[in-house]
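Shared chain: chain A. Partners: chain B in the first complex, chain C in the second.
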Partner chain A sequence: MGLIVSIILIIVALALAFFLVQMAGLLALVGIIIGGVLVGFGVHFVPVGGAPAAMGQAPGIATGVAMLAAGAGLAGLFGGAWAAPLGFPLALAGGAIGGGLLMAITCTMVNVVYIFGMGIPAASGKVDKDPITGDTFPEYKSQGTEGHGLPFISWVGGVVGGALGGLGGTLIYLELLEVYQAQMPALFGASVEQIAPIAVSLAGVFAIGMFLMNAVLAAYNITGTIEGPHDPKFKRFPRAIIAAAAASAVAGIFAIGLLELLGVF
Partner chain B sequence: MAVKIEVGAGGVPHNQILIYGLVGSIILIYLTYLNEVTNTEYFAFFGGLACVAALVWGADTIKHLCSYGLGTGVPSAGMIALGSGVIAALFGATTGVFAPIVAIIVAAIIGAVCGLLANHVVRMDIPVMVVSLTELAVVGAISVLGLIAMVGGTFNFMDLITGTTVVLGFTVQSYGTSVIGGSIVALIFMLAAIAIQHAFNACLGPNEMQDRTLMLAAECGFLSMIPIAVISFAFIAFVPALISLLVSLIGWFYTYMRYIELSKRDAYAWLDAQPILEPKGGA
Partner chain C sequence: MEEIIFGIGITALAGALATIAGAAEDTESDIGSQGDPNSQVQLAPQMGYIHRIFNKAIAGEPPAYGLWVALGAGLAWAFMAMQINPILAIVLGSALAVFVQGVYATTAYLGRTASLAKFEQPVYIDILKSMTTVTMAHAFVAIFAAVAMCHLIISALGHPFPLPLLGLVWGIALGAAGSATGNPFYGKERQYQEQKFGAGVPISASGNIVRYAEAGERNSLDNGFFSAKLGGPASGICFGLIVFFELWRTVVFEPIAAGWGAVIVGVVVILIFAIIDRYIEVWARKTFGPYVAPEEASS
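Entry: the complex of A and B
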């Protein structure tokens, strides 16, 4: 039932986008939906440990999804927005590198604190062997815990997740920026350079908003904590992708149609 | 791993807080419209008060939602609230005098869709999910719109995107020095998002008391008003901005003292290891 409703919502939103802003709006909404899906998918890679991780009783970064996603997404957006004048592919790459870099630094420092500060080795509780390095975990895992620290596979997951999140957030930002830069000059009788602060500001804040919506829906999907791509919970990601697509479509149509009601009342 | 979050029972019923919060914040936000009627900026601070009223309601909603143990932490609820609310608030702002009403309707649509997706696609199956996310999105929209009205003196989109700068003694219209062009909305987003989730995040646990949680929510709201009042010096005249600053400072001081009082009331019974007393403020 949820799947059918989601598909209907996406189709209605796409039709509205075409009706309001013609082909450019339709393509922008498709870009926003892809961006939202990337964010929702990316969150599943990030090793979120939550409160148990802070006490060294579960693997992952010791905070919630909302904080990690906000950090990676904003870092990605900064990277992408900085590179926006250099063209579409470079901006997307800048966003992905920004998000990935933030997660790489975070994951490294988390392990520094775990290993040198708390004196605990990295051990996953969900798998016996690291799929990449082949390190074994059971002999390092403390009794009564679900594992601890940040194994290499989780580190890789964090970086991949940050990169996907940054990429998705930047894609949303760029699509909205394009829509606003096409509409605003004619509407306000100003040049593209003059309206740039408004267009950038609106696209930026909407990108943050949609990013957090999708990240929280993905967080609900993994019910808070996940170790990374090797965690059995990772297999739930199709549900989050459907939810992220529908949520981005509904939020995106209001963002794209922002200027349609201007001056009507 | 779902962490069990305990909440106190009783207190003022949630639906009553919902009605007070919704009606109160709409009335307060419309009071900022007196600025345009009287052609002054003295009523800007009502926007911040609308935000406080909405945040108190939102903190109670978060309390209801998070008592089910989402497993994602309380801040995530605040983030999704403002994430959907900011889109609705800015969409609403383009409709002139109908801004608050349109923002609430759009926020309710986005919030309800998020709730339906969370319950039926992501399969959270939490009974209050749809209602709570709808309420939270509305709270987010009202908070953003209220603080925007406070900083700019109006919630009219055209006035929010144009500012004036003085270049060589001449006053020049510029989009970059406006409330939206200056990206003040991004700051408002975070100030409101932190304010909405902090109250329950700080007060949850055994012996959680509704009056203490909601007092902290009001305190956070006034605390968020202070930086907004300081920023409003750049956008509205000196005296109205000073009034905003004074209102926020007085409001913050009063709610902070009340919150400390309530904390001492609740902590006393625990520190002295006495049997839990029935507090007078409604448990």
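Entry: the complex of A and C
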């Protein structure tokens, strides 16, 4: 049922985008949906342990899923927006690297604090063996806990999640920027240079909003904590992808149609 | 060449400001128990452990700092538009944002603690008076440093985002880095100081936080003092490195290979951090060894 409603919503949104801004709007909305899906999917990779991780009771990073993903994705958006004048592929790559870099440094510092501040080696609670390094965990796990720290697979998951988030956020930003830069000069009777600050601000605000929306949707799907791609909860991601696609389509049509509505009034 | 050297200088300065912001952010959030260990501070009275720890966690650190830094940046931006000197504008904007933080901290403490009335947890007015101002002071340092960093990124390095938007982006990233790095140190090492060192806290010990200090009852100023030793500086280094590498790879390497230089250097930096992480992970396994259950006292 949910799937059918989602598909209908996406089709209606795409039709509206075509009706409002023709082919450019349709393509922009497709980009926004892909960006939203990347964000929703990427969040599932990020190892988040919440409150239990803050006490060494569960592996992962001791903060909320949506928050950490937002931090990484927005750092990616920062890099992507900066590289936007250099072209589409470079901006996307810059966004992905920005998000990945934040997660790489954060995950490393988490292990630095666990190891040098608390004397606790990393141990997963969900798998007995690290799928990448082959390290075994049961003997390192403290009694009465579900594991602690960030095993290497979780570190890799964090970086991949951050990169996907940065990529998705930047894609949403670039698509919206393109739409606004095409529409605004005619609407306000100004040059592209003159409207640039407003276009950048609007696209940035909408990109941040859509990023948070998709990150929170994915967090609901995860329900609490996740260790990374090796966690059984990771398999839930198809649901999040459908939800992220539908939500991005609906939010995206408002972002794309905003100026058309302004023009009407 | 001169432009690149100028860019490197700004990058270093922005990295230093980010380091200060990160350290102040984590210490502030630990004094207010705003990071994830807040659940234990909230849980303790429900388990019968009445305490004098400040608790203002009604939002996670990233959205809270997103709000405060964006607010400080927005106000500074407005003051600058009124032709006020940028440094003064940033100070004024940050100071006004801190008042919002103060109101937030007060209502959050009263609300969270009052909700524990049926567990006989009192609202301590002296705690409210002494802790709120300390969190406000730390928040000012964090917000000022973050807004100043954002202003440098825009005015000296030419980032296209307006100041309030950049404040929101870096405010959320600041909260994410600070909560990720600093929370375990505050949660495990401080709130559960009497548990075994070098091991996680057993789930059965949840809520049994340390409530007494060397003299009298422990309060959040003691926790801030403790966090400032490692959790705060580590968070500062984390956020400082993030900002520094993000700017450095762009400023220095973007002119190479039509912009792809910055991407390649970013990948290389990520790989270097992967090696560092793996090295310390293996080092910890070898040095600390497998978990050994604590022996029961025999007499």
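The working rule: the second predicted complex is superposed on the first by the 262 of 265 C-alpha atoms of A that agree within 3 Å, B and C clash if a C-alpha of one lies under 4 Å from a C-alpha of the other, contacts with A are read in each partner's own complex, and residues count from 1 in each chain.
Everything below uses one rule, namely that a residue touches a chain if its C-beta (ideal position, glycine included) is under 8 Å from a C-beta of that chain, and two chains touch if they have at least 3 such contacts.
Note that the coordinates shown come from a computational prediction; the quantities given were computed from them, not determined experimentally.
Three-chain overlay on chain A, with chain B and chain C in a clash. When both complexes are overlaid on chain A, the residue A:P197 reaches chain B and chain C alike. Of the two partner chains placed around the shared chain by superposition, chain B and chain C are both touched by A:V205. Annotation for chain A, partner touching more residues between chain B and chain C: C.
After overlaying the two complexes on the shared chain, residue contacts for A:G50 are found with chain B and with chain C alike.
Contacts of A:A70 after superposition: both chain B and chain C are touched. Overlay on chain A, chain C versus chain B, candidates 110-118, 200-208, 218-226 or 272-280: the clashing stretch is 110-118.
In the superposition on chain A, chain A positions 50-52, 64, 67, 70, 146, 196-197, 200-201, 204-205, 208 are in contact with chain B in one complex as well as with chain C in the other. On chain C, the positions that touch chain A within their shared complex are 35-40, 60-63, 159-162, 165-166, 168-170, 172-173, 175-177, 179-189, 191-192, 196-206, 230-231, 234-235, 237-238, 241-242, 245-246, 249-250, 254, 258-260, 262-263, 266-267, 269-270, 273-274, 276-278, 280-281, 283-285, 288, 290-291, 293.
Chain contact summary for the complex, chain B toward chain A: residues 1-3, 70-73, 75-80, 82-88, 90-91, 94-98, 102, 106, 109-110, 113-114, 116-124, 157-158, 161, 175-176, 178, 180-183, 185-186, 189.
Residue ranges on chain A touching chain B, taken from their complex, read 1-3, 5-6, 9, 50-52, 58, 64-67, 70, 146, 188, 190, 194-198, 200-202, 204-206, 208-213, 215-217, 219-221, 223-225, 239-240, 242-243, 246-247, 250-251, 254-255, 257-259, 261-262, 264-265.
Across the complex, chain A meets chain C through its residues 50-57, 61-64, 67-68, 70-72, 74-75, 77-79, 81-84, 86-87, 90, 93-94, 97-98, 100-102, 104-123, 133, 135, 139-148, 150-152, 155-156, 159, 196-197, 200-201, 204-205, 208.
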